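First, the structure itself, so that you have it in front of you.
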């Protein structure tokens, strides 16, 4: 993470400026507010605003007039019920806003989630910083041999060293040329007055996809949970999963009861098809069921045995 | 507006419970928070939460690290620029949540705006109150003779009286029968133990469309402005326009600079087609332009002359 | 279902007008096109247009140039894989448009699904027909005693008769008064020239919620599946479920491979929480697990035993 | 545009396979179907499916039973009315699906439009082709001096030559290294068996933003018009505007009456604020109005004078 002194001071100033409000306050999240959580080598994630708390979910579900006087465990029970039965609208009543710094190839995955509001730093209008993501050696994985969309073992030795060298060198070189084409210094002044400089909206095309960008990203709790169920999952690409994991921490601090219900009913949950369920029922009745005759393909059978913690064979 | 004592107390309790926050605070809206603004005969609108303020729009547009140290009039200028040039994403960074009580036929218009989050009081699960909208005599309008989707002059005399009598009588009768079918008292106990009572999800179908419902409704500032530009407009049906007007007041208290820009560039604005603009240019050049030969249909010509404040003939 | 002769002729004319196209054609759905499938006492559902077929899902998943030359069973396998692993975007590449006639209280549930396009018949602009939903005697259910949001046993005897009489009478009376207030005949001419007639946008509020309305409703296959997984479910209210069931038939005719995968992996599927899965694993290992000490609430335990087809006790 | 022989054959096969349908057919668009319209140096845009035609907009607006028997000019009049008064829902009833090949930095702008369905070629799963956008010399513009987000004069001489040389060289070098890291040939076989090869999801980060990607992109006509009003506008970046212009051609062939209305009321239209309108009225009344005292800022005054085709001074 590379915050300048000025940026750090802006963040401190924002943290220091407390005010009074009649709105619900989530003390756990107030403590984290504005602070940058480091992610990857130069990225970060920080909460810049939020709306609502656990009680706001309950209030919306009941369309109630006030904060209510029910016992906390009654609220928790309702939240668990809503999560278990996939009642999504009450969770839409909480909202959170993040400021994120992330590599462009991660931003491209992230933006597929359409039910969110986004303001990205504009490289048509401004100049991007000289910062790019270079994987740590332990994340430099080979292509998975079993999964066309995944990683296998970690690269080692000379191959690893050469990959890192190339990534660094290409990012540096393309950035140098980007800067040369722009022909502007940091203050926006022309460097070489014998040249015009290329338009920013064109020069940016010379940057590599590991260049960092940043954005404000805002979504509601239901859609955030959907994002997290996909991106904090073990099948998600490591480089986006670390952002999702940082978000999980902020959600736990913000809406602990919702977070608990989400962890229980969504993160650790499995879905069984009608046919899979039938097999589980037969096994529970003492029957020895084999893949052949099960109605499942070999692939599905393997998936089911894995879920049940049994040998596939 | 018909708040019970208990509801009023819940609202007062919520207003009294002030806390400390690091988030941006909008003092103008804090003053209004939770209070029910009466709308129509039994409806209301009240703000139950909000996120962001004028500065949050500016921050998102700049993807900045802190609250910034720019002069207020620089922020105001940027907001006006964003509004004028229809940059919508920075306005999506503010969010507001309302609790609204409204007649069902108004709710049916309102729900067409899809980019919002809604939790409505469930008549499958709960029993609706005996409250229906009866127009005030001055809003009892005849069908417009010129506009198939509008109102003409106000009804008078016996016809008006009879309309009001019928609306009241039918709402009361159908509610009485609804209550009879349910066979439950307010505590949920069976009234006539010799009967079973009809399921709530069925009994509700006997209610008339002026019965009041209520919901929590949450949206971002950009989509709220879109809603208001349609529903606070003079062509909107009176019964939804009054809700939009109440919302305008809350927006003015919340984000005064955005509200000012919206009023200037959206509420009072007109759009001229390419052909209309051409006519205006010719008129400004001193030419006498008539409908014939203008390329506009008679209807469009009338619309243009009205916009320009001139006689159509 | 109450189609007039003129409406029936319009439908026949549309069915007769065949043309040539280079687009993918789904023969099974062509056979059904435009025909009204009766639903409830006066409602219907009919497909008025569609885009794509099973192969279109595969094409989008592969971002391919043509219709492809793969074996049909390879396509089917890919579709099943996409469904099982919740890859939603390829299913968004098919689109379907329905014309539906349905009671207003059903329309109010339906419209909660926001990711669809809707054009509803406007009662501000036009006059609604004298048609209302009256449940068949076998659907006249009492409130469920165990589920606050469901139905119990069917009403019988005098209570049932009285409920039906009231529903019919109130719908008729309120419609009569609606018509009187409008003071227009079917041709739009004034009935009683001594009266002005109430504006349509006001008169409609006197109608009951079982009055039929109609709309064009268009959505993509992914969102349709989401709708169907909620509304064709046994917990959905009967009056919307019958529409969902009619839709299932149209989907089976349109995209048979997608429909099969949906039936297998979504309709009959169950979700187990992390804790529930742990219990299943222990039971499969031969352990006798009881609710106490299971970590599940009584309610969750009952739900799990039901899923596994075992006694809860 | 670089279609391989195999791709071209797939397209031809799709064009040749005509079938019969009861759905509305748009003959103008059938003629274009599947054909790739070249855009930029290696990109293209082609229509792969569509739903609806001009009459479908009218049908939805009327919620009608058949194709209707009205005169064509009556339909055209209704479409113009709907467009002029911003009735958006009937236009949502038409849908179109494109296959687009485009540089990644263009894809990043495009994807901000969220109300569309997208399936992009996955560089986690597959290998991207060695194709990058290099601007034609006449589009190699300097940064605008007046507009922070725009282009000025065209670069010339050695600077232009050097920019082109750098763009080409960096794209080639980074692609070479991408290919080396993957260690796979086109058939997916390992090139150098002494190395493992880097996972595709990682190697892609070394590519520059002018690398071409491709996707299937599907949207409805209302949202397409919104996209086009922003991206076919003269303020849009040239590299996305050329795609929008190609789309305009397909829309003109598909729904000529809607296209005409869009051109008239949206593309060539201007919006005047309340204050601007007041000034126009005063000018039309013969008054000499100057910027001072007009209530407009200098910038807004200049914008207004430009719209009216008058000298700002």
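When the chains are written out, they are named A, B, C and D in that same order, and each has its own residue count from 1.
Definition applied: contacts are C-beta pairs under 8 Å (C-beta built on N, C-alpha and C of every residue); 3 or more make two chains touch, one makes a residue touch a chain.
The shown structure was predicted, so the numbers you read here are calculated from the model rather than taken from an experiment.
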For the copies chain B and chain C, the interface residues, called same if over half of the numbers are used by both and different if under half, are same
Whole-angstrom distance, CA centroid of chain C to CA centroid of chain D, is 35
CA centroids of chain B and chain C: separation to the nearest Å works out as 29
Per the C-alpha means, the centres of chain A and chain C lie apart by a whole-Å value of 34
Shared-interface residues of chain D (touching two or more other chains) are 89, 112, 118
Contact graph of the chains (line, ring, star, complete, other): complete
As the complex stands, chain C meets chain D at residues 3, 6-7, 9-11, 13-15, 17-25, 30, 33-34, 48-52, 56, 59-61, 63-68, 89-90, 92-93, 95, 97, 99, 117-121, 214-216, 218, 220
Listed in rising order, the residues of chain A that touch chain D in the complex are 103-105, 107-108, 111-112, 114-115, 118, 122, 124-125, 133, 135, 140-144, 148-153, 155, 159, 163, 166-167, 170-171, 173-174, 177, 180-182, 184, 195-202, 204-210, 237
Given the complex, residues on chain D that touch chain B span 84, 89, 112, 263-265, 267-275, 277, 280-281, 283-284, 300, 307-310
